[in-house]
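As written, the chain order gives the labels A, B and C, with residue 1 at the start of each chain.
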Amino acid sequence: MQTPGSSLATMRAATPLVHNITNFVAMNVMANVLLAIGASPAMVHAREEAAEFAALAQALTVNIGTADPDWGAAMYEAAAVMGEADRPWVFDPVGVAATRFRQDLSAKLLDLKPTVVRGNASEILALAGLGGAARGVDAGDSVEAAEDAARDLASRTGGVVAVSGPVDFITDGTRAARVANGHPMMARITVMGCSLNGVIAAFCAGQPAFDATVAALAAYGVAGEVAGETAQGPGSFQVAFLDALYHLTPEALNTAARIEVVA
Amino acid sequence: MQTPGSSLATMRAATPLVHNITNFVAMNVMANVLLAIGASPAMVHAREEAAEFAALAQALTVNIGTADPDWGAAMYEAAAVMGEADRPWVFDPVGVAATRFRQDLSAKLLDLKPTVVRGNASEILALAGLGGAARGVDAGDSVEAAEDAARDLASRTGGVVAVSGPVDFITDGTRAARVANGHPMMARITVMGCSLNGVIAAFCAGQPAFDATVAALAAYGVAGEVAGETAQGPGSFQVAFLDALYHLTPEALNTAARIEVVA
Amino acid sequence: MQTPGSSLATMRAATPLVHNITNFVAMNVMANVLLAIGASPAMVHAREEAAEFAALAQALTVNIGTADPDWGAAMYEAAAVMGEADRPWVFDPVGVAATRFRQDLSAKLLDLKPTVVRGNASEILALAGLGGAARGVDAGDSVEAAEDAARDLASRTGGVVAVSGPVDFITDGTRAARVANGHPMMARITVMGCSLNGVIAAFCAGQPAFDATVAALAAYGVAGEVAGETAQGPGSFQVAFLDALYHLTPEALNTAARIEVVA
């Protein structure tokens, strides 16, 4: 497994164009997160252009947080372009348990075999059909409780599944790892998970998905730890977090990453 | 009347899920405001799922700032769910005087008898049919000029009406109160009013609407005063404001609240 | 040519209502930028009300960053209102080279002869039909390479064209100027260009477009330089930038502006 610092350096050298069809809440922060860490974001969702734009991008993220049927169609078409081109795309099933619309859309997107699925424990459980505790968009389940569901899901999609939480769990169905970086304040700020999707996609561009996902989670968590050292609350945390992503070096990432490879 | 600090503590203990159908400008800040003060926000607007999602929520906010006909239908259906379930919803008639579309949509939503209507003086005057001075989304009228309109409106809806301004006015048609907390910089930052809707909704979840609205306005204003002590301008004010909401204690709120009950 | 400080003072005295049909990523920041510098923003895009709202505004901005066909129609109708009323509107052809949809929509909007077109070099080259290097929404071309295209485009529209970059280029087809203010961190933060459109529109309200555009670019760049003095990264830069816009005085602007009038 390459070091997370090496993945970060590779990503920055490539400055991948990451196409995001994400929710309205996340768009601005996600673009700033991607710019801060060294990627090039674009938010494009209209069905009239999403697939055409995807063909220009090195990676794609799809997030159903504020989708509607038109956006769902654009997501499907853009993801299909990435699949055909063998380029990575990340799927975030935000609040999938909450409504029938989200479940139907998520099922369709899963059929396209996302390179990476990332969600909280409740979302991964719901997506795997195991009945997660749905409550809005927050996780009511522990990461540990979703590990089997994540392995199942990864085996079904042939991709990587990442469960976000205090300690993240990442698996490709065979291998698995835990990333213990992060800061409790990240749970008190909106769209931290949504923005992370973009970072995962950026790392996956031209890099092996499992290692890249682990590296992206570690980088994100380490930046959160740095931000937490000076933040006074959720407002100043967000500011310090963008600054920390910008200044994060491969060396600092390798030193601070707490990655455990599990069976 | 319970103390505002008691309302805050009750809200935090419940961590209510607040469903927001709000404008695009407000979504991110509003979610962060709700997380900072201790509630759980979700932004869900597609007609395919808004009513279904509302059934999961403890409170709802509806804001017509960037609505269109589809969103208007989703607002109506979600608000109807809340009304039938006897759960609180807050209506913000942003810029209602500006266009016929806003007037028609607002009239329909008013028919559903919002638990709380919150707006600036011009919006409340326009909504009450008294001809406020429409100029974009800013208030051209004083809070005092809208007090009678607010009382009228509250009598018609059977709910609470809150007029935001340097000194807020809150009435349920019978009782009335003024809240004199806040900071002038709050008028130089966008979506401060929109985000406040969510805080009102969170306080109203399971609490009496008049007292809860007064408490929410006081909490918001006190956090603004704390932020104003260190802010250098509108950028640093926003950061300090989220930090202040996060750190606001019931005791500090009770000490700093400037609430006047009026006839 | 009047001083940029004089343009700033004139704009602030008028507090123009600026109607923005902009992309989702930019809405919040753009509103805050306009409030910070002293204008009054409104984001209104539904086709049911965009033209009606435009009739109330002193200036309009149109940005195709996240447009769809409905928004395109609203843009066209609102821009037509401004043209008929001889009030200024600013057009930003975000990522125009990337998709056919953007090209078609941009061609239609250009026919309405925008008061100001603002974009990066690649966008201006693409818009002028000269084949810019399209790569997402970032500029792959230098400002110098787009100067002839900008002059051509200005001659065709009869308006002003501004090319953003390390040194901005502004022309009305006859006159031209360069503005050398700004800070490198502005390229690492999203929607800095989009938000600038609003500032240009605000300055153009009731003022000659060429001088007003030059003044707006200088004001924006000077605020960026002030922010850069204290910022630790892209997070703290954004905070400091809003504070700097708020505190920018006409005198400080005149002292710091680096404007060069060229043939």
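Here is the rule we go by: contacts are C-beta pairs under 8 Å (C-beta built on N, C-alpha and C of every residue); 3 or more make two chains touch, one makes a residue touch a chain.
Since the structure is predicted, the reported quantities are computational estimates derived from the model, not experimental observations.
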{"item": "Touch-based graph of the chains, sorted into line, ring, star, complete or other", "value": "complete"}
{"item": "Type of chain A:chain B copy interface by residue overlap (half), same or different", "value": "different"}
{"item": "Distance between chain centroids, defined by C-alpha means - chain A, chain B (Å)", "value": "33"}
{"item": "Set of chain A residues in contact with two or more other chains", "value": "24, 28, 238-239"}
{"item": "Residues of chain B defined as touching chain A within the complex", "value": "17, 19, 24, 27-28, 31-32, 35-36, 40-49, 52-53, 56-57, 70, 238-247"}
{"item": "Chain B partner contacts - residues on chain A that touch it in the complex", "value": "23-26, 28-29, 65-69, 95, 98-102, 134-138, 188-191, 232-236, 238-239"}
